[in-house]
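I'd like to ask some things about the structure below.
As written, the chains take the letters A, B and C, and residue 1 is the first residue of each chain.
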């Protein structure tokens, strides 16, 4: 078990490293960082000065090594625009995105799992078709459009919820729904499929033959097994949400990593961009790692003895 | 306490299928005496498994079950509602299934699953349930029982799992156990052990046992009484001795010819086979279901249903218009002189 | 011994000639509600995209600032000249919607093709060769999944500049992961089949085995994923354009139209409602078609 964990950890580190390399290379090669930093209307000399000042004239490998060495010490550079250390900025903004992601995932789970279970218990009935319709509709709705619709309906027409800022927990309701609903179809379908499989399995028949009450059969025996793949999927979906929050954060003016990324892109703030990509990637890696561990915990057959 | 632990009269099971209604079980009646084993024998698809599920009210949702009478230890268990039925399941009636590999929940320990069987029906502490589990595991021949409780199903072999299943079914001391082909999925070497175990336990705990199987060898070993099923009906029923010594229905006769019987079958003798296939059970059925494959079939056989008639001992019933003597004469007439 | 085998009637010609697989497939396809509706509407959209110059009542680029934000026909002051109204520059909305279909479909298909070729190649290689190759490719896929697609896309486009073809290439080089994952597992399943072992025993070259034994059996999964990835690309492009880093004005892109209409949405909801509904309809139909193809070609996979 320990060897397995260590091996996975090693792979995770390697992935993080590769991500940082790819991000770094992409950012440096996608254009002329010096020109971008210097801004429009800059002269050749200005650009040259910027290039020398920030070391963009060095070979790529040197630039990257320099960055890596500093990063391992926790120094991700200084934001060109905000003039503050990048790590500080990230720490400041990360919690908002994390809260948003967790709320979005919670919303998705609260909606999809009961729907999936009901759909599996009553297949091909109106309940099932409703659940599947919700899934199909959810997959087709662009999240930014849905966000705008929510704003119009709940923010303006009904005046029930605030439409921007991150003052209170109310501010997170619409963004969470707008960000989370997209994961609903996948989770619901997986729950439904898993439950249908499990409900027709032999051990459920045994449980009923023992005279166990329906609720016990459903939750203790059926859901317990059906939920295992859903856990993995949820972790992955959370990873996607954390990375894809940029649109939602921009629309709702939430000060998270996504919004920061957007601003940094517009300001050509490379250090911040690099750090954000790495941070989000790390979230994803940690989440998939956790999902693996949870899987082994939930399914005794996977544990290596 | 009645002599008969189970009494079933006119049980039918219908299943709607695309082509109509499938009459999986048609008007079967049988009983099990206390401390006695009844073997229900038949080929795949004859309705024997569905009969057992019907007794426990565990049929698939679409199936409908009807019966004139279904009594467990004198008490009616027909149409008593799911709540009361679930009280009876696992407590007064237990069931063992065919596939030990998949019949236990992989997510929980053996101990957890055994204890919950008892905790559901008895007001006992977890400790007491655990002690009972250990006691029963040892009874079914599992060593190091207490540590086994902490193991998960996937850590045990098929034979061990089936023993666990048996022990689990005994947790509340049921009056009746239904075993649906409990040894079919196991190695041949283990089959005998498990059957012997079932027979011993049955005698020791004085339970009724319904053993469902397609294997006549199993029947010979375990059965006190036999019911032969074909195409949803019981075609012959009686004590094992009576049915084996005087098979009265052509199907039973055909079955017995298909297997070598020590003492009876001579070396070099051809084993029999029954040509044809099981008829469709969908839609309106009439006449003897075996007529198409029967050597002795006569014009009247397919026309009208055949009732169970008596023969010899009062308990030996069979469903044929001909008597065994007539069948024997028929066969002799067919052999060229 | 029993030797009374009844003589059996010979089956008739009609009983022998069952309907061909193709006609069975078509029958199932047309019986599948989602597929017919999705496919049908998609066909309409396709026609709209192909024949835009002839179908659009106005030039989608022609602006007339005097005619800003005219309401669509269902409002009191709507006119038949501009059935879906006009946008902030006085351009006919209906024409821009029609031409917008072109943009979405073009980007969707092109990105799907690029990502499809890349992802399938990687997935099949990983699934077929296994071992080290599989390890490396799986690592690549994991790395790609760890990087948030939209962030990377935005960053690259911001630096390189945004045009339709840049968007296509960036998306294409980013969304191949689903192809790779699905094709890898499909190939793994097929690879263990006996007919592949037989082909190897016959000495067939790897290329030949992949092309003749493996590909035909995984093509179903490929088509399903391809369909769904077109939808994925369409949604991504819309998001990019909405943020201003996709297709650039004045090109009519539905995502861009929503972004341009954002300012007015509190007063005239239809400004974002119409392009949003168009996006929703297109993606919905593509998904229905994809699900339909999956159900029809492999109904055993459906729950």
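The criterion applied here is as follows: a contact is a pair of C-beta atoms (placed from the backbone, for glycine too) under 8 Å apart; a residue touches a chain by one contact, two chains touch by 3 or more.
Computed from a prediction, not measured in an experiment: that's the story for all the values here.
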| item | value |
| --- | --- |
| Highest C-beta pair count, chain pair | A-C |
| Chain whose Cα centroid lies at the greatest distance from that of subunit A | B |
| Mean-CA-position distance for subunit B and subunit A (Å) | 55 |
| Rounded Å distance, subunit A centre to subunit C centre (Cα mean) | 23 |
| Touching residues (chain side subunit B, partner subunit A) in the complex | 56, 58, 82, 86-91, 94-95, 97, 99, 102-108, 116-117, 120-121, 152, 154, 165, 168 |
| Interface residues, subunit A side, partner subunit B - complex | 201-203, 205-214, 216, 221, 224-225, 298-301 |
| Parts of subunit C lying in touch with subunit A, wherever the complex brings them together | 34, 139, 142-143, 145-152, 154-156, 158-161, 231, 235, 238-239, 242-243, 245, 255, 258, 262, 265-266, 269, 272, 276, 279-280, 283-284, 287-288, 291, 303 |
| Contacting residues of subunit A [partner subunit C, same complex] | 11, 14-16, 18-19, 22-23, 26-27, 30-31, 33, 36, 123, 136-137, 139-145, 148-149, 151-152, 156, 192-193, 196, 236, 239-240, 242-244, 246-247, 250, 261-262, 265-266, 268, 273, 276-277, 280-281, 284-285, 288 |
